[in-house]
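Have a look at the structure below before the remarks.
Should a chain be cited, it is by its letter among A, B, C and D, assigned in written order, with residues numbered from 1 in that chain.
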Amino acid sequence: MEHVNIALLGMGRIGKIHFKNITQRFPRASVVAVADPQLDEAQFASQYGQGARFFRNPEEAIGHPQVNAVLICTPTSSHADLVEKAATAGKAIFCEKPLDLSLERTAALVDRTGETGVKLMLGFNRRFDPDFMQARQSVAAGKIGEVHIVKITSRDPGLPPIDYIKNSGGLFMDMAIHDFDMARYISGKKVVEVYAKGLVRHDPAVADAGDIDTALTTLVFEDGTCAVIDNSRKAVYGYDQRLEVFGSNGMIQVENNQHHRNIISDAAGIHHALPLDFFMDRYEKSYLKEIELFIDALLHNKEMPVSGSDGLQATLIATAAKLSMQKGEPVKLAGIEAGILESI
Amino acid sequence: MEHVNIALLGMGRIGKIHFKNITQRFPRASVVAVADPQLDEAQFASQYGQGARFFRNPEEAIGHPQVNAVLICTPTSSHADLVEKAATAGKAIFCEKPLDLSLERTAALVDRTGETGVKLMLGFNRRFDPDFMQARQSVAAGKIGEVHIVKITSRDPGLPPIDYIKNSGGLFMDMAIHDFDMARYISGKKVVEVYAKGLVRHDPAVADAGDIDTALTTLVFEDGTCAVIDNSRKAVYGYDQRLEVFGSNGMIQVENNQHHRNIISDAAGIHHALPLDFFMDRYEKSYLKEIELFIDALLHNKEMPVSGSDGLQATLIATAAKLSMQKGEPVKLAGIEAGILESI
Amino acid sequence: MEHVNIALLGMGRIGKIHFKNITQRFPRASVVAVADPQLDEAQFASQYGQGARFFRNPEEAIGHPQVNAVLICTPTSSHADLVEKAATAGKAIFCEKPLDLSLERTAALVDRTGETGVKLMLGFNRRFDPDFMQARQSVAAGKIGEVHIVKITSRDPGLPPIDYIKNSGGLFMDMAIHDFDMARYISGKKVVEVYAKGLVRHDPAVADAGDIDTALTTLVFEDGTCAVIDNSRKAVYGYDQRLEVFGSNGMIQVENNQHHRNIISDAAGIHHALPLDFFMDRYEKSYLKEIELFIDALLHNKEMPVSGSDGLQATLIATAAKLSMQKGEPVKLAGIEAGILESI
Amino acid sequence: MEHVNIALLGMGRIGKIHFKNITQRFPRASVVAVADPQLDEAQFASQYGQGARFFRNPEEAIGHPQVNAVLICTPTSSHADLVEKAATAGKAIFCEKPLDLSLERTAALVDRTGETGVKLMLGFNRRFDPDFMQARQSVAAGKIGEVHIVKITSRDPGLPPIDYIKNSGGLFMDMAIHDFDMARYISGKKVVEVYAKGLVRHDPAVADAGDIDTALTTLVFEDGTCAVIDNSRKAVYGYDQRLEVFGSNGMIQVENNQHHRNIISDAAGIHHALPLDFFMDRYEKSYLKEIELFIDALLHNKEMPVSGSDGLQATLIATAAKLSMQKGEPVKLAGIEAGILESI
């Protein structure tokens, strides 16, 4: 590809970020088409200028002849259909996670994109956070030897609205899925078994919505080593995103990003700033980096840094976690995979 | 009790520390008798002076008429017999952990001391580390609200000799048992279920000895919240003893004790000192504090800060952890307890 | 002003940053003219597009009728002339520090812009670093009470080329001048006396060029409290920019920005990342913020956040520091000011 | 010397610490005599046992035939006389700082002990703090190359009683003298010039007592490099004792000792513990170490780790600091030394 001509589907929070990043930063990529059913052409033009054709219908944007890549930033429920349409149209695809809440559909999509040969990248943006990338590079370079234990702390700064929760697919599929992907990414290992505990501690309305707000998940890798992930929907001190990898020759810890680097000492204590509490601030650089690498992979015909298969694995783990929680026992991924293969 | 007259059994590493601490620090306590089969009277006198009667046979020390409290610092295999003898003799007991490697024997000892009414304290010294005590006080004072997640990191600085491992009762009973007790102590909650994974990563000789060197254990408390403990026999950067308690209103983290507070910045990085790597340095203050509180409880007829029941619970969790690892599934403590009640 | 139409003079490192920031971030500001004698119109258009008129001669850009504000990013030696021309043309001015290396000329420029009534802002960008702004806000809000001691650490990551040093005005005027301004900014106090020591430790060529590479400067404020600033041209561990303010009710410390938040523990120590070592990375946000505030002051007719008088004071301190170093004794600013008033 | 038989003069706070340390820790040293005019024999025996002869008169303790070393822990005003008496009696001397408030008398004492050939150690205990020793070793080992800048922060946790201040010799002689010695110790360099600023910020009563409570002192070493020391009598957050050494190959920072290693994160911030705020806690280990090295130097006929000459240099700097503050200009030590030589 000489130049990446993008159809951006969905101008919500994430869509806007991608729009701004692409138009400002990448000379060899352009947003040529935008689709969003909640805007009209005039509104779009007044807010974003005349650089891109506007459509209400995403299919038309996908079908725009100039377009050679599609960015799917629409609500989760529409991801699968749009991926299929883009794949059928032979356009490269960047899709926000997850491909779909259903494991079967996810597996089918990965198969489908494989058949069409279109490139597909999943937006597991945390892989592209500079601190986590640095940690992965150190692990891959052998700086701590063989990985023995992975510990991931992932806590949101506050409960999302209950309506959001109802349509989210649940904590494992909506929130912990990032951490499941991170465990695979940081260790470079395949997950074979999941044991998850989940409960409601913050608000009974979460239980009424059929979800949990606190979880502890153990992932067992194929070599028998483990990762443990703890999740909470509400850390009063902010968005808590830390990582620890322990190995035969040392340990890597990734600390939080704080609001500032001022330390105040007074009669009550020594006080540091809280972590950044909004995910778009915390992961500002990762949203830019993932698009940079997507564009780069298209321009230079490289492998996508997060594949459809990565998305499928994360969804599989999330499915297993929910099942494990419900059954109260560890669940092997092999069993679930077999089940899917039969069902599709 | 007006004055605590102690028979100290076993003058190994820990016995020596207790001897020194008691003779130097507590005006209302004395070591009046010492027993150690590996010393003779002359050796003892030359090293420790004439302040205490020396015996080779611990029973004679227990029976010494002046003695009203017994400190058991002998090898684990002798703990149970000595506890029974001291209890029968009506002497107060401080016993290094564990009471016994067998759960049944442990339960019987707790019953037995209960019947005799003698005071019994278990040497879970980490509860008396100033940093962990501070954390417990903060939790108990409600500084972080309700406890949702407990995370304990407990890694030794190096593999013990294989001979030690063979007689240790295994990683869960020998090493993680401290962490199991810590999880109960710091949360103030009862453990009801255990899920443990264990494996050998450092030396195949550990496997040959029937043990593991790396473990990850999930404890489920009665309210459904969890603790997770990760253990390794070998952290190349030293003795890693950290704690994190996450609650509805905040988080407490306990950091390692480092060798010094010098930070060196050079062209390669910013370098801090390693953690203290010998347990007797790391827990120097906790060995003193536990004896202070034992003596204090005797002088003022208070409840012991670590009871026989605490010892039994920790042993129960260790037993369950081993069982869980072997069976590959979570184990409920209730089932094991029932089994014990039948067997004794 | 309804819209800020900027003539940007000088497209070196800083000019490029301002160009990018203004064109991407501020809807109510535009770069309408650019001047740089080292480019030609075709080069400019190919690199920066057609949005702005290009001139080789800065006077023509200043004189462009649409222009209502001038950004001076040219070499220091041209600042004074360009400021005078812009002032005479009645255009608002943003000038990179310093106005001039000569104290007399600086004083005259401040007078001149005062007479013309044009707004003038000096580019002491560090005032707009988020961490230093946060510290200033805390001081101003009284969080540490009355300020008693200010300590500024300011060390470059490496010696600049000797040719640069020769034309720099010397360490005090070129490098420490930022810190002199910071001491005034952070404390909100007037400096009345300076005592400076300076020497060459890194390279004798610095001495040959008539400069120093290491300095320690004490500033005395009007209330008798002090600031101390230590400078070095070469910190092997990177760009060291820290601050400490001690007051009657506490202390504020501003720590360095590090390359990443990974901590590696291995057998040799616990290793953190080095500080950002390039000033344009370290102060990336401050370059954006200063322009934002310049534009904002023009749009809403506010006072400039750094005035010509601030520039004069910093230059005065730098002049006094050099004099103090040469004479080996403290120098009062009042004496120098008197001298200037006579000379102009 | 085969065994160090000590006469301990003064059983105040420091005397008690030395008594306890010597009696508990050093098999080759004993306190054989104690003198304190505020105790009587019965009181002493009831509190400290029968191990040492008690005297009200320190001269009798010095003269006790068994005594071969004298520890002077009496009020400052008596130091000089007791040092002279011990020197005349040919007994080794450990004297708490300072030898005397008068520079002339100090110089004379150093001469006098030199003539008698008795070993004399000054109690600059901070040199023996493990963290500062570690820093000194790193500097001496060349870990940061050549030393360019030394920064010492030394702030007390609160104003001492005004009566104490009146007899203290003033902030420079009483408090900063430790830091002056530290600057010499850590750098291994000779001080040649002093520039000091001092003022009262906490309590006008300090001014009425003829003293200051806040100071900033620049020391110039013989090679032209500098140290800067900032002092305050009152840091509301506790006892602040930090150090930074910047050199051609890096930097060493010594951080404070904190009360504990708990970090609490809540909605208001991330809170660490305050520094230890009582000097006897903060420097607990240094009081032990200095006596260990004093005894060791006597047993093995080594050079004393802090000599009378070190004491004289620190007093000289303190004298120069006061003079500099009064005159408002830098003061060269050479001038003062010449003055003393004439006067004695």
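By our rule, a contact is a pair of C-beta atoms (placed from the backbone, for glycine too) under 8 Å apart; a residue touches a chain by one contact, two chains touch by 3 or more.
Computed from a prediction, not measured in an experiment: that's the story for all the values here.
> Farthest chain from chain B, going by mean C-alpha coordinates, please.
Between chain B and the rest, the longest centre separation is with C.
> Could you let me know which interface, B-C or A-B, is made of more C-beta pairs in contact?
A-B
> Which whole number of Å gives the spacing of the CA centres of chain A and chain C?
Computed from C-alpha means, the inter-chain centre distance equals 41 Å.
> Using Cα averages as centroids, what's the distance between chain B and chain C in whole Å?
Between these chains, centre-to-centre, one finds 59 Å.
> Please compute the C-alpha centroid of chain A, do the same for chain B, then give the distance between them in whole Å.
43
> Where in chain B do residues touch two or more other chains at once?
Answer for chain B, listing residues that touch two or more other chains: 235-237, 249-251, 265-267.
> Any idea which chain A residues touch chain D in the complex?
235-237, 258, 265-274
> Touching chain D in the complex: which residues of chain C?
Chain C reaches chain D through residues 146, 148-149, 151, 153, 155, 195, 197, 199, 201-202, 214, 216, 218, 220, 224-226, 228, 230, 232, 234-237, 240, 246, 248-251, 328-330.
> In the complex, go through chain C and note every residue touching chain A.
Listed in rising order, the residues are 24, 130-131, 134-135, 138, 143-144, 249-257, 260-267.
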